[in-house]
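To start, I am sharing the structure in question, which I have written as structure tokens.
A, B, C and D label the chains in the order they appear, each numbered from 1.
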Amino acid sequence: MMEHPRAGLPIVTLEGVTKRFPGIVANDRVDLDICAGEVHVLLGENGAGKSTLIAMLSGLQQPDGGRILIDGAEVPIRSPSHALSLGIGTVFQHNMLVPTLTVAENLALGGRWWKRPRTAELAARVAEIARPLGIEINLGARVSELSLGEQQQVEIVRALLRDSRLLILDEATSMLTPKGIAELGALMRRLVERGLAVVFITHKLGEAADFGDRISVLKLGRNVGEIPPERLRSLERAALVDEIVAMMFGRQAGDDAVSIPPRAANDDALLEVRNLSVAATPDAPGLDAISFAIGHGEILGIAGIDGNGQKQLAEALAGQRQAVSGSVVLAGQEINGLDVGGRRRQGLRYLTDDRLGEGTVGTFPVSINYFLKEIGEPPLWRSGVERSREIEARARELTRIYDVRTPGVSTPVGRLSGGNIQKVLIARELADGARAVIFNKPTYGLDLANTLATRQRIRDIAGQGLAVLLISTDLEELLSMCHRIAVISQGSLVGTVPNGDGAGERVGRLMIGIAA
Amino acid sequence: MSGEAVHVRAAPLDASAGQASRRDLGRRLLITLGPILISLALAGCVLLAVGVDPLAYYGFVVERGLLSPLGLQQTLTRMAPLLFIAAGLIVAFRAGMWNLGGDGQFLLGAVAAAATAPLLVQSLPGWLALLVAFLIATVVVVIWSLVPALLRAYQGVNEIITTLMMSFLGVSLANVLVKLVFLDPGTTVPQTRTLPVGDRLPRLFETTITSGLVFGLAAIVIVHLVMTRTAFGLKLRTVGANPRAAVHAGLNVPLLTVVVFAISAGLIGMGGAIDIIGIHGNVRADWNPAYGLAVIPVVFLARMNGFAAIGFVFLLSVLSIGGESAARRLGVPQHFTLVLVSIVLITLAIAEYLDHRFNQVRRT
Amino acid sequence: KSIAILTPQEGTDFGWNQQGIDAAKAAAKAAGIEVTVASGLGYGDVRPTLREIAADGASLIIAHASGYATSAPEIAEETQVPVAIVDSPKALKAGLVADYTLSGHEGAYLAGRVAAKMSRSKHVGIVVSGEPPSWNSQSAGFAQGVKAENPDVKITYAVIGPAAYSDAAGGRRVTESVIGAGADIIFGQGNGSSFGMLQAVETSKAADGGKVLFIDVIGDKTSVGKGHLLSSVVWDITPVYSAMIKDLKDGTFGTKRYAISLADNSVKLLKTDQIPDNVWGEAQKIREQMISGEIKLQPVFEATAVRALMTNVSAAAAK
Amino acid sequence: MGGFASDTFLAALLFGAVTAAIPLLLAGLGEQMSEKAGVLNIGIEGMMITGAYLGFVSAYYSGSFWLGFLTGAAGGVAVAALMALLCVRIGLNQIVIGIALTLGLEGLTALLHHFQFSRSYPRLPAAEVTPIPLLADIPVLGSALFRHHLIVYLAVAMVVVMIWVYRRTQFGINLQAAGDKPAALDVAGIDVIRTRTAAVLFTGGMAGLGGAYLANVGAGLFIPFITNGAGFLGIVLAMLARGQPVWVLVGALVFGGCLSMTTAAQVAGVNIPTDVIQMLPFLAVMAMLVLFGRRASLPAALGIPYERGAR
């Protein structure tokens, strides 16, 4: 690792902190020391309680038990403003920007109401913070017009603007490019040099190993282990990862090596797209003459910086978005004419990346959310009438198969952790009758175990001869499972690379606009 | 009220909350009767302030609205139109659509029925005439509801505005129709032709209770079952809870929107029709009972649960019938009934909240 | 034996409701019987109240609003308790339903004559908050009076709006416009809103800078007026109710209609000190002529007919 | 139709239009702030009637219009405080409480009026007008637009103030955040509840003022149900305006204009029944809805009570 950080004294100490939610103990007597001059990585599978812990540190939730000490003195953190005044700045897992305000206004948010926002000096400070990060920030833009990645950048900058002593990043890298992540790492390093403390939550063990000084692992709400700086430095990467995995899952690492599934015998195209074009909208790029074909059992990856039309492509295919021209052929059958339901019945499935926004109905029970796309269809509905018992039973089954962590199938799905909501969606889309499946960022926000499991599932269904379109911003992921990787940029495919040696560099160069 | 029932946007209650009302009735009764007693006390203070004996007043309310056979019959009769309105609102609110145009829709339904029924009975057998008039009224209101429905479905115009406006408009229109189009030539009073008492909906048994009550009950129970037990109901609730998810799930949201408005307004229009062919027999110019406004909160308090709504509608009727009588006997202006009703509504809402809180604490 | 009266609004409006209730009380007192007052019932469904009062043993129910003319007879049939209703002459039914259609058109005619005599700007206004028959006939009577007195006097007619009974602000706004149009005497009909009219009259100046005067109907607002009350077409319904009670006793109830007229002073013009004695004198003469039948007057009840009358009048004025 | 054309008459019409518009303007501006902050304030009708009653009572007994306006506004704020407590702080359903408050206060004020004034119907003198120097002497427009009570000019000035607040001040930004994404405002360290409460109280003040104006200047007296749906029209105007104060002003004037139009038509002897003419304003607003409504973007969290950390 890089040079020696000063092992500081604890800024924040958690003693036996406990937080309960209906049906769940999100944090169970957690002890934690967060020290100045350290990047403290917090790991844990989905639902382990990381975000909840953060929520308490930032004044959003109040602990049900235990105490929080700041500089050794007990301080109940009453409210977010209190947390801020204590010098605790947070980038939350779920976007916390006001879509209808401009970036500048969002950054100014929180100023005392009688003060006028001072745009000029704001611009100056943003510039000086963003530059080293290699981030371009357009203060004038409406947030709703930014891509999720850009929005995450804005949030990081906002957290840095308030020069806080403790900076918390909850899955703040999930939407960044590899380059952006590296720069963020360097920045964290500089910050801790200055004596700040950083809490860094991620699901990517690589990042943990690269950026972390100290690693704590949460499991089912409990702090199950910690790797102090000296040990961290002593271990070399592979060993470290194995150790962490052992802590998190109590077993050896499921192998994440590249294992591209064998292609099914016949490889005539199963899903074929010709000159698909979509009109651009104020807040999204259009698509321009997209063409590709996916054979039986083939996994085609779509690589690209976030916000280059991936979502539009997926929605156009699924029938959610009007295409101006082009045709979609599934198993030799034109399906342009069909609506979302029709395409689904034909076997075309779409797993959205916007779990809370459109993937689920947060207030509905988990059980109903499994079947949201087949409401009214037998056997769960008979002649339009709901058959509660069958639905319950089937829901339990899926919950078991896909290992969804939930108090019960009648729990509102919105209460689950991000990762578990994702499992519900996967269970829904892979349900019987699938022929071609579109995955949009299927593993974003998932912990390692779930990521591996999900990837394996995708390989399996490909193995069963289904066509898979895998949209992801995570190059590693694409390389680890796709047969071919197409690169999307400004709404058109700029090239397709067969997976294999050197594919990574070629894709990478296509992504940054250099012909491969 | 349960988390999502509180929202203006996401109305629907997930199944579990739906059953909540049936789960341990005792508690529900407590959190219903408790607040009512409290509000009686509060309203009592108002009465004392204006120098009226609260006990006497409430005595009359209970006696005239509930206990005396006559009073009870009046109360039940009053329920008929209210039940239809409640049913209509439940459909709309569960689908997350804010049909605040009840008054206009109610009046138009009433006028349509009053315009057609008296003429039809002359040519058709009684029951058929009523049925036809009833259907005509419904159709008229459904068409009326297309304006806000289409605006919302295809232009994204917020329906709270449109329905509110359409309500103002509908009330005026109803007047115009009565005074200019369907005026009864037989009288100088600006009103429609009158449906003879004999030709109106039969009364139940030997009482003065209109059989409209039966239809009203049927309507609201059916609505409840459809909303909670069928795929159609679930689709509507999905649209209500998260329109984007509905699109993602392949539901035809615009179409469903229009359907929701049609059903909702249609039911409210039926309420108007029932009121005419069952009780009034004609519509007078400038008549507007403004039931819609009173029923909206009731439906919320019932958490859009049909059965609970029946109970609250009954309560509302008792208060209005008994209140009218009591106010008259004690020389209090009728307006006091408004005060009483509103205090009841507010305390009930608070009780709902406290109960909800209590449950949360207990669950964790 | 007791009688009951139902009114749509509280009996404190110095108008329709108050006159009705006062009269019922007076008549009952005279006949030495009980009276039940049910006021402020609104224009909705009064069947519950009717049934209840019938059940409480009233021997005559006076449904004092044209809005009750449908429900009252029905309940009469149902409970066999006699009812008296307004504005439905055809509804007579021996022993059960009597009609008393009150029309102050004669008084309004007189008022019109007086107004025409006194208007300085030769322009008077009629402001109403709605167009029920009894008001229409008075608007018409007034217009006819003005016309008869002096065809050159312009008449401006304005309706505040449907169901604008309580729209005081509207009453004031409209009246001010009419005054703005040049009228210096306002003939106003409207329950709550007539106070808005009075307000307008008191707070705005006529074209010539002089003061605007107000002619009220049915009730006597002298006690709340502020010196702008020119007169009022006052109704006294007591004789009507007394007659009903009598007929009830004689078993002739429901065989005849009841009305109010100048003759028995059940309709009369209110004398205020705004009216110069000479004008008042002439008015009295005209009254005699009307009673003696020299002047004949047809009541007009339909809104459209009334409007026609107005436009004619103002058109005539225009030439 | 000599009278119809006359300047005084036109002036009176325009004057009437303005007088009718002002309460709507005040109510609309008030409602707008609540909506921006994410509170659908259906109780505004109740706040107006309270303002009308209290405003009249105090003006009547004190003889001072200004005291009347103050009391009216205070009354509105009081009701708003209750609403804020129930709907913002403990998050009760905004529609239930709003309607309940409206019903109750209409009844209560009618009750009080009955016992207090129903035998005397006291009325106020004409409100003293403040002519704007030069402008007031323009022939027709002068006496129609520039000879009003001071409060009228202040009401119009409020439009400018609101634009400034929304566009330029931190408070404006906070309001919009509270309406579009309260959680974001909360984690930024601003108390959502306080922000929304402030907005609701402001609404109450404006509504109360509007009511007081309606009773004291518009009518010069108080009678039951005098507000006659003005509050609901305020809600509509606020929503039509998509958060832009200017549009509230435009809407209010259009509406007041329509009301005067009906009188004009009648006085001109146009022989179509009033009821038809009476539909004009509503048709006008419906037309506005069809034209502009399309773009009406309501705050995302409108009507949804904020609960910290809830999922």
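Please note the rule applied: a contact is a pair of C-beta atoms (placed from the backbone, for glycine too) under 8 Å apart; a residue touches a chain by one contact, two chains touch by 3 or more.
Given the structure is predicted, the values throughout are model-derived calculations rather than measurements.
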| item | value |
| --- | --- |
| Pair joined by more contacting C-beta pairs (B-D or A-D) | B-D |
| Whole-Å gap between the CA centroids of chain B and chain D | 28 |
| Distance from the mean Cα position of chain B to that of chain A, given in whole angstrom | 46 |
| Centre-of-Cα separation between chain D and chain C, whole angstrom | 35 |
| Contacts with 2+ other chains: residues of chain D | 114, 224, 273, 275, 278 |
| Sequence positions of chain A contacting 2 or more other chains | 362 |
| Residues within chain B bordering two or more other chains | 3, 10, 172, 175, 179, 333, 335 |
| Pairs of chains satisfying the touch condition | A-B, A-D, B-C, B-D, C-D |
| Interfacial residue positions of chain B with respect to chain C in the complex | 64, 70-71, 74, 77-78, 172, 175, 179, 186-191, 194, 197, 208, 279-282, 284-289, 321, 324-325, 327-328, 333-335 |
| List of chain A residues in touch with chain D within their complex | 55, 58, 60-61, 79-81, 84-85, 90, 92, 96-101, 105-106, 108-117, 362, 414-415 |
| Residues of chain C that touch chain D when the two form their complex | 10, 12, 14, 123, 131, 154, 156-159, 161-162, 164, 166-174, 176-183, 192, 195-196, 198-199, 202-204, 207, 223-224, 226, 303-304, 307-308, 310-311, 314-315, 318 |
| Chain B residues within the chain D interface of the complex | 1, 3, 5-10, 46, 50, 98, 147, 151, 155-158, 160-162, 164-166, 168-169, 172-173, 175-176, 179-180, 293-294, 296-297, 300-301, 332-333, 335-339, 341-343, 345-346, 349-350, 352-353 |
| Residue ranges of chain D touching chain C (in the complex, touch as defined) | 1-4, 6, 8-13, 15-16, 19-20, 114, 118-126, 214-215, 218-226, 228, 259-260, 262-264, 266-267, 269, 271, 273-275, 278 |
